[in-house]
Structures are given as C-alpha cells and as structure tokens.
C-alpha cells in the first residue's frame, strides 16, 4: 500500500512523542508516547469515530494529522499526497482541504476579532476573496451554519456556546475542505444544544460530501454519528470496526469496559459496570506488552510481554488483543 | 417537617454590573435518609447556586439569598448564625464539587486537608484524626491510602482527586451529601467507578444524597427523585421512573428526544431549537416558551409564568400545556413519597 | 552611650558637621576644603595664620621664624626644635614612638607632590618655581610601571644642610611663597608612614599637629583626640581691636589645645544639619539658604528666639568672587564687547544676592573681593550695574557687531543640583528681560572641566576662592600664558594686562604693587571678559558655649584654639 | 530539591556574565574622562596620562592584536575587556579613585549599615502589608476595604521625599521621638534605624497592600476556598491557612523583584539620615565618577540580587509543592 | 437546513467589542468616570502647554517672591515670583510626556521582545529571558543612574540628549523588563490556545499569527500595565530631579518638589503642596482607572455572566 487507496486519509504507524525534560540540564529523560503507532483509514465521505478516555492521545492524533504538532514517525496520505513530507507551500494547499473544529468553543475563537474577521480570515490568508466578495462569502457561510448575517460584527463573547461552535464550524468550512477533524465538538455544550450541532454536522456532510474524523469520549454520541469507530487506548488503537458491529459485538476488553461504563438512561436497567481497576497508567514510563494489561482482568503473561498488533477478526473488524486469538 | 433536608421557595440573586441575576427563583425540594435527589438541567440554570445556598456558601457580597427556607432537622438554616451553620457545614451536610482539579488546595497534602475537616468537627487527637483520614481514603477505594495521605493534589489523577474529595466529605459521616456534578470532568470509566462508589456508600450509611448533573443517564442510574430545572426554576419534579416513563414538560421531553442512546441509531437527532436564555434577560411568561415546540404562539405562555402544580400523585409540573394542569392544585414538592424502587 | 560617658568624665568635645565626604587625609592629595578642614587638625605646615589678627597675617608654625635670604630667590628656613610626629605604629624603629621632625621630611613631602605616579592634585603649587623639582617630576614620569621612584635623588633647589635647616632655591622671584607654605599640602610627611601604610596612607594620617585620628567611619563620622605629644604652643596674647571685648583673649597665653576630642558627623542634606544644630548637637553651623529667615531678621540681626537659645551670629567676608565667564575665543561672545556688557548689565545683582544668598554676599564691581586690601571701594563698574535699558541698547550694537541677529547663547553650568538649576532659571529670566535668548547647559563637573579645558564653552558659570590673601591669586586667571587648559578659562589675552601682571608678580607687597593691581583690574572691568556677580559673605551661628570662636577664611587648623564651656552646654541642652 | 538548587545556581552564571557585559558597555561609553576630576584644579597632561594608566584605559579595548600577532597570548588578553571580567569576577576590585580605599573593604564595612536599615524595613514592609492586605481582603466590599484602599492609593501617590522631609522634621525634631540622624553599629543601631525604617515602610505600604490585596482576592475566588468553607472552616482560618499559603506564591515572586526597588528607598533614607550604607556610597561614587566603585556596586548588588532570587526560588519550592517536581 | 430562525431571538448584546464592553463598564462607575475626567483634564492641560495655550508665560514673574497662595496668585509664587499655578500646569506637560514617551519606548522594546520570546520559545526565548533577567538583576535606580550618566549630553540621530529626553529615554530603557516578562508569559499562554492552533491550521503565517492574533490579545495588558506604571514613572522623574538628573529649564513636578524641599523652612509649603497634589491627583485617577480597567477586561471576572 503506497497510497491512500481511494480513502481520503490513510495513516500508517503514526507516532507522536513528547519529550520529558528533567534534571539539572533539562535533559530529555523520557517520552510521553501520546500517539504510539496508529494505523487508520478514513473513507471518502464517511465519518470515523475515535473514542477513548481522557489523555489517550485523541487530540494529539488529530493535530498531528494537520501537522500542528510534528509527528515523530509514520506516514499519512491525504488523497495520494504525503502530509508529513509536504513542503511549506504544499502544506498551505493541503490545509485548504483539511480543517479542524475544536472542543472548546470559547478558546478556539479569537476573543478580539469579529465574527466576520474570524470566518473571513482563512479566505484572506489564502487570497481567495476580498472586499465585498469576502463579505458575501462570510454571509453565506454563516447562513450555512444557521447564523443570521446580522451577527457579522459581533464578538465571540456575545454568543452562546452553541452559536460559538457554529462560528468555529463556519470557519472550518470557509476553505471548502474535503476533510474535517472534529475534536470533541460537542463535549463542552449543553445537552439541549449538542444535538443541534450534531445535526448540523450531519447535514453539512450530506450537502458537501465531507469526510470527518470525529473524536469524542461520549460513546453514545459516536455510535449515533459515525459509520466506523476506532477505540484508542494509551496512544494505540485497540479496536476498530463498523459502529454497529463494535457496539453489538465488542471484542477488546477495554472496549467492553468502556461500553459497560456508559450509564444507561433508564432507571430500570442499572449499568453493571465491569469497573476497570485503577486509572489510565502513565505513558511516560517504559512499559512492555499490551498497554491495557495493568487494568485488564484477563491479562496473561503474554499480554505483559508483547504488544499485540491489530488483526482483522471479522469483516472490517480489527482488534489488538492476545486473548482474541 | 419530618424531612431531613427540605428547601422551600429558595430565591438567590446576584448583583452584577449588568444587572440583577436571579439565579434561583423559588426552588423547593426535599431529600430523606437513604434517598437520592437528582437535579438536572443545563448549564447556568441554577443547580449549583441552589446547592451553595443550602450550604450558606453564596459568594458575598455580590450574591444574596432573598427568600425561602432551608429546613434541616427541624431548623431553618438560613436563620442560623454563621457560627451555628459552621457546625453543620461539613459535619452534617457535606458537599463535593464539580472540579476535582482545583477544588483541593494545591499546597497542602490531601491528608492534611482531610484531617482538618475531621478535627474541626470531632474532638480527636491528631494521631487519631490521621488514622481516620487513612481509613476514609480506604473506604472510597484509594489504593495504598496510607502513603497517599502524604501526597499533594497534583500528584494524583483526576479520579483520585475526586475520591479524595468524597473521602473528605464523608469523613464526618454527614447526614446529607450534596454532590455537584461529581463526574462531569471525569472519564466514563472513572465516572462509573465514582457513581458505583456513591451508591455503595449511600446504601451503607443511609445518607441522603443530592446529586446535581446535566446527564440524564447518570440520573437514571442513581437517583430516586428528580428535579428538572430550567432557567432558575424547577419545571418538573417527580420520581425517576415517572420521569423516564413519561416526561411531561416539553423541555424534559426535548431532552429525552435529543439524548443519543446506545443502540438507537438515527441519522438525525431531535434537537431542542434555540439556545439557553441569558439569565439577565429571561423571556417573559414561561421561560421555555421561545423554544417550546408546543405553543410559542400561546398568549398565556408568553405572558404568565406557570407555577408548579401537582399534576398527579408524586408528579409536580409547571406547564400550561400539560393535560390536567389547570385543574391540579399548586404544589412545590410532591407530598406523597415517590414509589420505592429496589436499589440493586 | 558615648555622650553620657563624656559627660561623666568632663571631657571637652567639639561637635562639627561635614557636608561633603572627606576623600582622604594625605596632605599631598588634599585639594578640597572639606578634607583640608579635617586633616589640618593633624598636619601642620611651616607657617600659619594668626588666629585673631586682621588683616590676615602669617606667623611661624613649624618654622622657627620667617626665612632669611639675601635675594628673592633663596629662602632659608629654620625649623622649630622639639617637634615630633604623633605616635604611630609606623615608627617601627622606636616601637611606635613618633620621631623628631627634620628638614628632610619637607623635602620628602614636596617630592611626593612632584611625583607623577602619585597623581597629586597640588602640583600647581610648586610647578615651575623650585630649581630642579620640575626635572624630578620629569624623571618620575619617565619611569616605567613597576620601577620605584628614587626619593634620594637630589633636587638642587631643595637642600637640608642640617636637620633643622631647609634651603629652597627658586627659579624666579615668588613673593607668595610663604602663603603657600602655610598650605596644608606642603605639610611634612613622615616617610615611615608612607612606606608602612602604602596606598592606605590616605586613611592613616601621621602628623605633628594637636590632634590624632581616632576613628573614621566613612560616610558617618570622624573622631579625633588630642595628641599627647603635641609641642608646646600657646594661645595668642594679642589680637585685633575688639577681640578683648569679645572675650577672645580670655585664654591668652594658655597652652593649646583645649578641646579633648573633635567629632565630625557627616550630614549631606540641609534639613537634617539644621535640625541637629538647633538641637545643640553641633556647636556651630552655617545657615542654609532656606533657613535664613528662621534665623536672621530683616535687619540682619539674629532673631530673638535664636538669641534665647544662646546662639551667636558671626558675619565675615569670604575671599571669593563668582562670575559668568566668557570664552574670549568664542566667535560670538569673544568678539562682541557690547554683547558682553549688555549681558553683564542685565543682571540685577542686589536681587541676585537676595534670592540666592539672602543678602549674604556683596555685589561685585570687579574680580578682587573686598576682603583684600587691594580692593578699591571707590570704583563703581558701570558694567556691573543693573541697567536693562542700556543693556538693550548695547544689544542692538551687539547685533551690528555680530552682523546679524544674535544666536542663542549657551551658558555652561557645572552642577546639576538644585541651586545650579535655580540660578540657571534666574539668568535665563534676566537675559530674556533684555531680549537675549540663552540656553543653560547643565553638566557635571568632569564634563564641565572638559568643556572649559578644550575651550569649547561659550559662557560658563564659575567662582574662585582665594587660597591666600594676595590678589595675584585672582589676576593669574587673566594672564594670557595661563589660557586653557591653564587657569585662564576666559582665554583672555591682553598685552597691556600681561605686562602689568609680569611686573607685579615679582614685586613684594607695596603701594606700588597695589596701584598696578588697580590698573589691571580696570582693564578687566572695561574688557568685560566675565559677568562679575558677587563676593561671598559668610554667616556663621554658634552656641555661646563654644569659646574663642573667630572665623578665619584662609586657615583651617583652628580647633586647637577653641574651647567648650562644658557646664554651659550641659545646662543648655542637657548634655 | 538538590538538583533544583543546582540548576538555579547554574542559571545564575549567564546572568552574572550578562551583568559584567552590561557594566563594561556602560562604563566604556561614559562621556567625559574621570581623569580631570581626579586630577583636580590644574590637571597636567602627564597627570592625566598617569590616571588613565592607573584606570587601565590605556590598554586596548578587547584584544591586543599586536601582542597576538607576536604570539604573546597572555599579553593579548591584557585588555580592558578581559581585565574587567577577570577582576570583577574575582572580586578583585581596584581601589576607589577618590578615597583610595580598597573597594571591597569599603563595601564590607558599609553593607552592615545598609542591611540593618533595609532588612527590618523590608521585613516590616512585607509583614505589615500582608497583614493589612489580609484585613482588607477579609473585609472586602465593606467600607473598611474602600477606605483602606483609598488611603493606600493616596499613600502611594505621595513622593518618598515628602515622607522623609515630614518625618524628619515633625517626628524627630518637633516631637523628639527619634534621633534626627546618625548611625551606630550594634544594638545602638535600632535607635537610629527606627525612623528611617518607619518612613520606608510608610511610603511603600500603599503599593504593596494594594498588590497583595489583589493577590488575596484572586486566591479567594479559587475553588479550593469554597471547599474549605464547605468543610465548615471559619473565615479567618480559611484566610490565614489556605489563602495565605497560596497567596505566598505570587507574593514571593514579586518579593525578589522588589528588592532592587528597596535600594532606591534606602538611597534617599541613607542620605537624609546620614547612615553610612551602600546607598550613600554609591551616590558619592556616582557624583565623583568613581567608576571602579560604581562598577563594583553594580556587580555586588546584582550578585546580591541573584542570590536573593535563588533564595526566593527555594522558598518558592518550599511553599509550592508543585515546583520541586520540575 | 439552516436554523436561522432559531437563533434570531437569542438574547445577545448589541454588537460591541470587548473594548467597547469594558468601556461601558468603566463608564458605569461614577468614581471611574471622575477619574477619567481628571486624566482627560491633565492630558488637555499638557496638550495646551504644548500648543502654547496654557502656561506659556510660566517664566514671567507675576508678583513678589514667595507669595502665599491667595486669590491673586492662585497657588502662590516661587523664588523668582513666578506663579506656582502656572508651573504646576506646565508640569503636567513634562510628567505626561515623560510617562507617555517612557511607556512608548518601553512598549516598543518590551512588547516585541516578549512576544517573540513567548511565541518562538527555544533559544530565542532563552536569549531574551537571559537579557531581561540580566537587566533586571541590576538594581533599577543604579541602572537608571548609569543610563542617565551615559546618555547625558550624547546625541541621538543628531538630536542632543539632555533634560527631558534623557529622563524618558532612561526610564523607558530601564523599565521594559517588567512588560517584557508579562507579555512573554501571556504569549506563552496564548500560543497554545486553540484559536492560534486554528489559525495555523488554516495556513496563517507566523508573523500574521503574532501580529494579528496574539498581540491584540495581550495588548490590553499593556494598557493596564501602563496605567499603573505611569505612577512609578512620575515618581522616577521626581527622584531623578532630586539627583540632579532630571528636567532642567522647564518646570516639572519633580523640579518643583526639589525646590520645595529647601523652601519648606521659609514656610513656603505651597510649591510642595501643589506638586504633590498634582501628582497625587493624577496617580489616584490613573490607579482607579487602571484597577477598573483590569477588572473590566479580566475574563475571570466576566465568567459569571458567560
């Protein structure tokens, strides 16, 4: 496999490490393996969900794909184009086609810019529109995400959370990208607003043929929104499958735990949480074996010594676990 | 008043530079030993403020409780002196907060902070207090608690910190525990652990629990009674089963509809339109009417605010559109205890 | 603490203040009045001023008598026998006992001044006067770093035929020599001390005077105690008219000194100095400009509150003159006499005196202060009269002379302190008044010096305090051979003046010489190379427990004459 | 902790070298030649030359290229630049140009006086302002708060000179509560230090209290304060235990920054109260262009500052457990 | 598909920036408005002096020397019989010029250095941090004196440095450190904010990010910082005047206090009083506005309403 193979995005062996500096001379004493060998394909026009608990490297993966964080190793194709080796110029081109929506609707908008500037800036930076045309484009974009053009000259702090997230989406859409990384776009929103945004994203996908990498930790949201789901644990993808497949038939113990931990909105069925022991372990220390083994009830010697690879156990269903052999 | 903790018509206001914010507007609820009251509602609807009002922790001078009563074991907490209320606070009514990251003092060890609470309310020697602290940490499932008492908050993970908070709150065996979004900042797996823990502890000690959250699923898992708040007011108040079986208020209904549920795959969710109102400029009449799918055009909804009525036994509601609302008697709190549900 | 003990032991302590810091106490290096006033209690020179007699008069000090000599070129000094240096550890040969003073000590001290390596400020005293000394200086200058100066190297003009005889041979007549030999820098220094203390000699004065240094905390205080081995000296038995009435002769013939201990407190600011004086923590004090009205009433009398406190006022003239000098080589002011005159007439001197000195100065008509007998009280210098109308007329002439509108004139002022600034403001105002724009350029002393020495100033503010009672001291400032970097900062050149100066310089004091001085001064008055402003008048306050207090403008080592009425002080301030 | 301290110490090295560089640049740019001042009334050319030689101004600026080309390495580095670094770093200061005292001796003899003034002043200032800030923070929003803050702002608007003039005249002279001026070492010192100390504290109080109040109020908005109250702690206890210790973190950072500013206060106080400290020494040196002294003072005060910073960093680590981990 | 209808009735404020918002908050407090008026008056006076409309004739005597304040002479007269009132007015020019230009210089140095250090991190950051720790470790007053010393009498671009130009240059050149430190800290915070990430994600160049995104977000700090820093600049002018390094040939408040120091004992208190009052009033006003501005722009304080 040398190219994206018809996928909009193909990632292979992606690693992103952050150095840990300690001691008198701030020497590098170790690495935080935030993303540690991820393989991922995102089909054109589809949504791939990425779930996992806090700190498992979801955000880092997303940002690395946009080269906002330098990758340590691995390759990624965006439509037959290598992302990590593109030069500056080419990268600017690529960035017109890949965009990101952030989790925090407050932090991701520059508080000192008007909506018009925020949404118009990408166009300006790429010299795509000027003056009246720019304004018209911005108005169109705002309408597209359901905001009235009357808001053009307002500042982010004058909007509610949901509206701010819409502005962020409008900004991402400005360059007419083909692929958008949605980094927990609804986690910070109120319950009643959350579905508005999800619907909007779905509508946009239908209308514009976008592909999404949808990062979240709320499994219910992901199931609802994504065709395919990847479960991440400590920088590695431990299970990947079509969403129905995954939810009905989770294989990896971590996926099972995760699913069982989701509270069920029904007072009559209490969740029988297979409470995983302990917290997510530290990624900085040297460890061997399966990343999940310290918390896994099924762990055996092999799990502690060797790191399992993703294997296809069913059509489109990949798992990295020795116990599924 | 034979209830353990009951609040009636609580009103709390904040003076801000942009005007007066009524964060809690005539809220009433009650909770009894061994029972859990869940309070749901979206951000800014006054959940935290009502809890803080009970604790007497409203930031002064900008905030003020302007009306209502808080009955605890037969006395009105709002009429007590600061000294008397301190006796109760942390001792008989304890509270844990939303942010496990910042709610612990970063410059003292966790043991120190727990011991402080213990020594304040129990006449114990320092040594014994430390032993008790270790014990309470063990109780909430902190591994190697004897060493962790000497840890600083930053040396613990978020779930660990929240457990420390709970241990601290439970160290004096309070009669009522108010948990303000104890799991919002945590991961699903950790959240499950914490909820499990709360449920266990509550059953063990017959403690009354007030759980504040905006996650209906959490409520379903743990609460007996639910109060749904919208824009500073309670709009629906009933037992958890009643609520989940048949939500009556259009806001509650909307919430349920927009809730993505595992296993129900729909391309589009039903969303409640519009946004949460600004507390500085609440809409007139029913505060939900601009977003209400039922009757934005109704004159009465737009001008008169519906009060709570006992629409059926154990079910209190504030909505003109609900069937039978007109004929029901006004009521703040369901007088009839909601049906018991066996608790796992 | 210390005060109480003194009281118990009845010790007689004199309290003084120091406004500026004492740089060091090596006579060779002392060039400022503050250091001189302190070090003079320790060091003595060949001659000294009579304490009481006015006009000022020299009397022998370490010399036995006035010198003998046939011509004006050779002076033979006989030393007073029995003078010893104060005891000091530097006299290792005698286990710290001070040895006798000999003529060679003078020669040694003077050679030190000549030694380039020592960077003495006082070389001007001897420069080009003594046979062979300039050559000695050249010799020291030629030495490489690390080579030691040979002080045994003979200097022809300085000979000591025996221990008590000092023969000085001059290159040309130098009538002022005795005044300079009353100067502190010419005091003898013990070679042992210099060798023993090395560079720290500045902190370890070893002299023959009435006092010895006991304690010196820089920036804080200096304490001196009586030298037990001080030679026999007696309080003068005669004085000027009025001295007897003033009680200044009560101690006539008594052995000096009286005071057991002298203590200087460093006080840099006016306010605290005045306050401690008013508390009686100082025996005497000048009057800071702004406290004048508190002390003195409009009739120049001490206010009664002050009198009631037992304070006395002494008024006396300073040998000083202050001026704004013109750089005569400046193309604008140097060639434009009407301009200079106009500027001179623009200043209302009586007003100036009032504002800046509270009338503690006299309006100048020329360069020689009234203190000198050469001062001619008859002369009224029209250029020194305030006459704005005439000044404006002259300014018109000046414009013609200049050949166009006058540029802004820059006045360089040495000093950035409050007083300099206020004077600057005053002068600007005065010149403005006659329609002349001036700009004041405030600079620190080194920059100012730099500017003067390189002849790059236009007008500069300056003053001169005479070192000895001979107006030659002032006249040299206008001598053409002394132009910058010499003392003639005006760069004034006048043939007639030079001739007269050379003539007078070699003349001993006489009526003839006085006449020549008058002529010279008239030339200067007419040429107007400077705006002469004022001559200083000093007001000094002292408590009545300070006895035998008579101000002296040239002499410094005067504490030995003074006495404290300890009982009176105790009664008055309780200590 | 040890590695933390070592790292802090190592950080000080470039700072000190930087100070040396700055002083070199400054004092080689100074216009006018100090030689004239030293030479006195009638400076002759040879005297000036001699002074320049003594000051080392005759040496080449950076490198003696001539010596270098001749291969005399040691001589090549005998330049103003390298001598400056070498002499200053080894504290081998020359003698003062005016007093001819070894500078280091002088600094050693004056530092105690400065410290006797500055230390109590500093500690007093910090202690009083923290105390007042706590009171103000406790009474926030009430009229006590408003009035105290107003007084603080008024207090910080009045120039220090006005404080000194007033204090010396009224408190010392008119009322006679303090000696007007002077200094003695030992226990006696406290008698003389009292008034200047008091004035220093009074003049600094305004800005300190105001700043600390902001810090305290910031801290009081933190979540952990709410937790502490929820435990049932009383306000004073929360304030003095929880808030104070956290507030110490920003306070400590600003402490070291304010040390150099103290110097300014001491400068005027030393001058008016005739305290033989470093401030008056510096001022004298400054007025007489005594470069070696100025240079030495800049260097030693910077050294003190760097040391102060080190102490602060350590205090910082002691107060804030999150630091030592780094 | 659009949901414009849903958003039409949302209670959002009128279109105004954070600044406009802060401004409105400021104006809602009487004390702040009064302070703003005071500052405005001072600025107008200073501009008036520059334009030659106010106190042009400050140097002319208006009466006898050392007159007490009276109806005729306002604040009294000084040692040359000049009006203290006029000098006080004129002093506004010096103080404000010094404070303003010193601020400007210090901003010109501190802001870019701080922004660059904070944004680029790495060795550039370390270099700049080294620079400001070094400068900072030399006691402020010593640095000021040394600079004053060096600059006095020099020329800069053919413009001779003396008096006021030295004062503001010196203060500016020595006071950038605090600002630089502050800006660096803030930029460090902002550079990792999501909105900067977003800008990078759509291809913004680094200079555009720094100039267009980061700096506008820290700029308000500069203003708050300087509204409070002004005070210390004015005080610095007083000290420099006392040390003889201040303004000369023109009346400034520092100069007036320096004069007054000695005149007090004549019983002439009015010059000191006038200057202290002027400084006090201006500083008080600046402080109040600075504090209020800080509160108004502090996102923390706004949070309750978001």
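Labels for the chains are A, B, C, D and E, by order of writing; each one numbers its residues from 1.
Keep this in mind: a residue touches a chain if its C-beta (ideal position, glycine included) is under 8 Å from a C-beta of that chain, and two chains touch if they have at least 3 such contacts.
Everything numeric in this text was worked out from a predicted model, so none of it was measured.
Counting only chains that touch, the fewest steps needed to get from chain A to chain E is 1. Annotation: D-E is the more contact-rich of the chain pairs D-E and C-E, by number of C-beta pairs in contact. Centroids of chain A and chain C (each the mean of its C-alpha atoms) stand 89 Å apart. Between the Cα centres of chain C and chain E there is a gap of 48 Å.
Between the CA-based centres of chain A and chain D the separation comes to 53 Å, rounded to the whole angstrom. In chain B, the residues that reach two or more other chains under the touch definition are 273, 275, 278.
Shared interface positions of chain C, defined as residues touching 2 or more other chains, are 271, 444, 447. Annotation for chain E: residues 3, 6-7, 10, 12, 152-153, 261, 264 touch two or more other chains.
The touching residues of chain B, when paired with chain A in their complex, are 42-43, 143, 157-160, 186-193, 195-196, 214-221, 223, 240-241, 244, 251, 254-256, 258-273, 275-276, 278, 341, 344. Interface residues of chain C, counted against chain E in their complex, comprise 270-271, 274, 288-291, 293-294, 355, 415-418, 420-422, 424-426, 428-429, 432, 439-444, 447.
Chain E makes touch with chain A in their complex at residues 1-4, 6-8, 10, 12-13, 15-18, 21, 193-195, 197-205, 208, 212-213, 216-217, 299, 302, 306. Chain D contributes residues 31-34, 36-44, 46-47, 50-51, 53-54, 95, 98-101, 106, 109-110, 113, 165, 168-169, 172-173, 180-184, 188, 271-277, 280-281, 284, 287, 289 to its touches with chain C in the complex. Residues of chain E touching chain C in their complex: 59-61, 65, 79-80, 152-153, 162, 244-245, 248-249, 255, 258-259, 261-267.
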